[in-house]
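Across the two complexes that follow, chain A remains constant while its partner is chain B and subsequently chain C.
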Partner chain A sequence: MRAMKVRYGIVGGLILATMTFAALAEEQKTLVVGTITTPVVNNALGSGTAPGTPGTQVFAGLVELDDHFVPQPYLATSWDVSADGLVYTFHLRQGAKFHDGTPVTSEDVAFSVDTVRANHPFGRAMLGPVDRVETPDALTARFVLKQPHPAMLTSVTTLLLPILPRHVYDNGPIRTNPANTMAIGAGPFKVAEFKAGQSITLVKNPDFFMPGRPKSDRIILRFYDDMQSARLSLENGETDAILQTSFGYGDFDRLKKNPKLNVFTDTFAGLGIVDYLEFNLRKAPFNDLRVRKAIAHAIDRKFLVEKFQGGVTQQLEGPLPPDHPFATKDLVHYDYDLKEANRILDEAGYKPDANGVRFKATLDAPTFSPDGLGRVADYLKPQLKRIGIEIDRRISPDSATWAQRLSNYDYDMAMSQIYNYPDPVIGTHRLFLCKNQIKGVMFSNTGGYCNEKVDQLLEQASKETDPAKRKELYAQFQKIITEDLPYIYTTTELPYGVAQKSIVGLPKTVLGTMAPMWDMEKK
Partner chain B sequence: MTDGAVVARTPFTDAWTSFCRNRAALFGLLLIVTIIFMTLFGPLIYRVDPLDIVSAPLLPPGEDGLPLGTDYLGRDLLAGIINGGRASLAVGLSAALLTMTLGVTVGALAGFYGGWVDRALMRITEFFQVLPPLILAMTIVLLFRPSLASVAVSIGLVSWPTPARLTRAEFMRIRELDYVKAARAMGARNARLIWRLILPNAAPPLVVAATLTVGAAILFEGGLSFLGLGDSNAVSWGLMMGMNRPYLLDAWWATTLPGVVLFLTVLAVSLVGDGLNDALNPRLRER
Partner chain C sequence: MRAGPILAQTGSALGLLLAVVLFNFILLHAAPGDVAEAIAGATGGATKESLDEIRHIYGLDQSLPRQFLIYVGNLLHGDLGTSAYFNAPVAGLILERLFPTILLVGAALTAAVVAGTMLGVLAAQRPTGVLSQFVSILSLLGYSAPVFWTGIVLILVFASWIPLFPAQGMIDPRTSVGILPQTLDILRHLVLPTFTLASVYLAQYSRLSRTSMLEALGADYVRTARAKGLSEGVVVYKHALRNAILPIVTVAGVQVSHLLAGAVLVETVFGWPGMGRLAYESILRRDAPLMLGILFCTAILVIVVNTMIDLLYHVIDPRIRRR
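Take a look at the complex of A and B:
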């Protein structure tokens, strides 16, 4: 009897041990990656990191940008550009298949162009110049342009133009297609499970066309909206990596000191994130350039960068971050000078009342950037009081409320942020074009800025194929913006990623987390 | 009888004597008086604008001549705590006033008249009782917009059912007592019965409830502000905690110190409430 028990015990122990080993073995190939909540995987329908992170794992694009902004072959093995820059011919990879086994054809490319142009927030800017996509054979997609489009190759990365299987997505209204969550693409990972509001489980695509990739069997994309708990999960090892955090800059130094963690900032140059103070130019007194100039003089950018953002970010005076390929130094400068600010307002006739108040203004800020936008908005209240502007700092319970107020022009002043992306056509133009005032659409020209000269410059720059001339056009544009001051730029935002030191093969790219994690694995 | 040596015994002196016997209650009273003194006169003595940036952010206490250091924007934390008390106490008191006014009115009408009035009013009360108070308060604050007034109103609107129930029970009990019946038989009108006879006799538990409501309202305001739904244009303790929370690991003092003051205030109010309960309740008084 006793021997039996012992034997059972041994057998039980063995089974347990085997199970543990199996679990460990499986654990080895699974990565837990933190990201922000997304309602969809299909990144043809939305911009930003939320759909961009899973989308770039599940879909493949024609090209990928490397860490020097240079397009590298992906679904397209090569491409030719005609001498006049009006025809781009992409040669698709032989044998590339979608997750359901159907081959990737030029028909799918043409369909994806139409879908993205109609549904993605930048669709018109990126693919508007494409007149049509010709499909002479299954493996050749010929983009015929209406005008030269220097941002063409940047616009066909997985992030901006995921190649969708036509037979899955050309099936009634795309917004309600179930494959927006259980997405089917040709990328390195398949969607195994989509838990709304919690996580996405991705499994290795065994038929992926790049040999040896992906290196991990499973990636769990876990949603974190509370950055405190996200940070703790990294510190206690529950999460392997968060490739783009929105932690405060105060955490930067502390995380760096943690011997188990790898903190990196080198993969975000292509995002070109800038923070700025935006005005509702439809309203007095914000339509008065002198008022905006005075406010520009009242902001101490050095203080913001050093005291609020731990010296991680950069002071910003124009629309593009200093390290952006199109940035210029030739801008109008507004030094921190409260006396000058008060003098300008005195001269402009904004007399202070008995309490020293010249006028009142509301100020909104979203919640997604606590150190960049929220804290700077809080800072502006006492700061602008010094030049006689009484700020009513309106609290938004979430970023959606802030976006709603701005896009419906229900605000005076607001802290805001935009991703410029590697090419200004994609991310920058939208804030400045007169015609891009679309009520209800966030990150359009919400302030109501309109300058024909700027429209002309941007129009020209979007067609100019000579890089040097193009850079010059954008330099002129940047200078005019600092003269007109529709936005007062404060600082750049530099997201940073955090991973356990045991994780190797982090995506090397300029688009942060929105690139394939095919080389990532745990060592 | 010797002359003048004996102070006349009234219900009030009785209650006061009993209250003074309760050391915890006395301590609470002392604490509350100190805090009220601090918020009323503090800003006149310590003249620093709580919203002004005076130094580098998140300085620890004692540095740069600032006794409690600075918050996440570089504002003086001591000035914030002193001035923040005004908002916290003002919201607490006005919310409690609103709670009691609504609660006592509804409870008195329901308890006195009974019948369909009672049924209708109680259904409304139940409606408010089944909604989670914090969620309802957040909704109300957001419907208008976060300001001290909307926060006070929202707290009042979610807290009145408890005193309403309490008042109703007291009224139902007292209206059947002999002296009320006698007055009614003598032709006293309803208003007189309610105001002169029943309400004063129902007062002791209501006074206690009102005191505790003040504490709860201060805490509630702290909670709403902590969640980011306070009036960001006025300093309050809850708001200070909420705003400094992201920096808790770097600067514990900026979140903790306002929290300690908030805690002490609510503790003091609760102790006084408890003391009042013991003092005003004739059954407990004999213990």
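Take a look at the complex of A and C:
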């Protein structure tokens, strides 16, 4: 009896010791990083944080933007630009290999350009000016342009142009290629496991061409669709970091006070996320500039920032956030003034009826940004009532419903959001170009705005290679938008990142969570 | 039993299954948007061409009746189809999620039946005692509190405030490889979701077993047993409980489908990687084949469990065996 007890004791002790040892040995090298669900890892097929987060770990691009928007060598060690700005020659790194051991060549670069142009939502905007990619030798890729393209270098970052191995992806229709999830790239991490709707396990690429990187052996990208759960998992240490959260702003202060957590906001300038009220300009009375002006005067941005967004965001008056490289301060201002708003509507002949109602309008909002869009839409209902506009705040059960209504022009007014990205060519133009009105496509020019002058300015700016002149063109554009008011801008959206204080080497980037986590490790 | 009734039963079950599939197919397609737009939404928009391409690849450009016929045709060949959102076979996606759901629902059902019955039995022995009052209050609380609320409160108390248990998921990815550490970790993750899901049913079973035990304890055969001089334990557990447990088993069988429905909420709150959460997400993504596949498998699961409960009767109640 006693011998048995001793035996149990020994066995138990051994098991415990093994477990502790194994746990200690393993835990140091694995990071658990939260992100949102993505159907694919291959970010040549889509933009945004969902594919962008794993994509920038698995693939390498020609360059990578640093935290000052400056392109740094990545797969390309250097590049030359011809005097007329029409030829970009990229010199590829010698010895860079894809995860399957094949070398990265200029053929792969040319193939990636074709793939992204055909499949990525910004493909045509970013790579449309590229006439052809010449491959004089395996390590030289020469981009020959139809016209000067100042956004060229921004467009060849990993986020926007991941370099795909041609022999893997040039294999029938790319949409159904299994390597979209079990992706093969040349980046710091390899995909070890893709659990649909749950997580992606990334393991260190031992042959990665940058010495000493990546620092961690394993990164588990865990999908969180419920932000409450994600927040809790950070607070009790189950998750090491979420580099771009969409928690409510109400949690910002609380998380900042947590001594175990590091809350940061300095890595998002390149996303340029803005919230705005959009109009269906095909319909009366929203096609009447005076109506839009009156509404602009009826929105108290200061109130929105302070009461709904915890003072984290910024008031916004034009298409670009104040910290965006192309933002201007020279805009038309619409001060919060209900009297002025009512006066404009009176003058325009929108007489209130017996109930004080001038006209009625529907208002939609998606569910993905409760503090930036949802609550602002809720706010607008009583607020616009004060200037005689009766709002039917249509509730969407999910963001798909909202997107469907907007992209099929079945709405009057809607709260909406867009990522401008580091260069306006990539994220901004799409909302304003006359020809970008494509029914059924979300994040196009859904409102139906068309101003030839604006088209001209954007066209010019997309070719202008002198940075100062280019900035001036965009300044003019921003001013005209605040005159025409196709959109009424409300606030910036400022995502914030949260990591355990024990995590060091967070990406130095302007793209939030869509940057290589090669220096991240647990100290 | 003759073949006739069995055939009729099978026929009506198949008809019901087909109706379930048809009804949900129509319902899901009545919702605005389609899976191509859901993919575009998750990946930052799309061009008209790529939307059309996605619709073409997954046959969404066909007419609805045709899509339905193709789906049913594949189903008859044992093919659950392909999820457009994940570009992966539905069968594989469901298989990945099947074990977590069975584990959660099984654990919750067991916990609810065992703990509920025990509480009910103890309460029935002293119908006016403290424990009995406690069971009544617990029943009321458990039955009236929605599971997602119970779940969130439990997370706040036992994962956030007093960090005894993990808040999310089924296993910590940092857990080392090996059967023992992983099993222990899964058990640790299982506690809160199981308790949450079990709470509603625990309340019901304790009430039910209390009532049914009270009735059994007042029956003639129990008085006879006592008169024979049997110990109280044998009287309560061998004579009374064995009879009192039948209604509980019956209710448990009926409630398996309720448990699966409850699992949707519990899985969502706890980030449990089960079928319920997958079903909810596939509705949001308008991923028809995946959602229909899950419903199909759930229906089969319910049938299997009910059959098992039927067999259990034979074990508990010898009278059924003799018939």
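The rule is short, and it goes like this: the second predicted complex is superposed on the first by the 510 of 523 C-alpha atoms of A that agree within 3 Å, B and C clash if a C-alpha of one lies under 4 Å from a C-alpha of the other, contacts with A are read in each partner's own complex, and residues count from 1 in each chain.
Going forward, a residue touches a chain if its C-beta (ideal position, glycine included) is under 8 Å from a C-beta of that chain, and two chains touch if they have at least 3 such contacts.
What you see is a predicted model, and the numbers here were worked out from it, not measured in a lab.
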item	value
Chain A as common anchor, with chain B and chain C clashing or fitting	fit
Partner chain in contact with A:Asp225 - chain B first, chain C second, else both or neither	second
Contacts of A:Thr176 with chain B and chain C, given as first, second, both or neither	second
Touching partner for A:Gly440 - first (chain B), second (chain C), both, neither	second
Residue contacts on chain A - larger count, chain B or chain C	C
Touching partner for A:Pro370 - first (chain B), second (chain C), both, neither	first
Contacts of A:Ala196 with chain B and chain C, given as first, second, both or neither	second
Touched partner set for A:Tyr379, first chain B, second chain C, both or neither	first
Three-chain overlay, closest Cα atoms of chain B and chain C, distance in Å	6
Shared chain A contacts, counted only where both chain B and chain C touch the same residue	228
Contact footprint of chain B on chain A as seen in their complex	227-228, 248, 250-251, 254, 307-308, 367, 370, 375, 378-379, 381-383, 385, 391-395, 397
Residues of chain B that touch chain A when the two form their complex	49, 51-53, 56-58, 72-75, 138, 142, 145-146, 228-230, 232-233, 243, 246-247, 249-250
Interface residues, chain C side, partner chain A - complex	31-33, 37-51, 53-54, 57, 83, 85-88, 93, 96, 152, 155, 159-160, 163, 166-169, 172-178, 180-181, 184, 268-271, 273, 277-278, 281, 284-286
Of chain A, residues touching chain C in the complex	15, 18-19, 22-23, 25-27, 30, 32, 36-40, 45-48, 50-51, 118-119, 121, 123-124, 173, 175-176, 178, 180-181, 195-199, 201, 220, 222, 224-226, 228-229, 232-233, 235-239, 398-401, 403-405, 407, 419, 438, 440-444
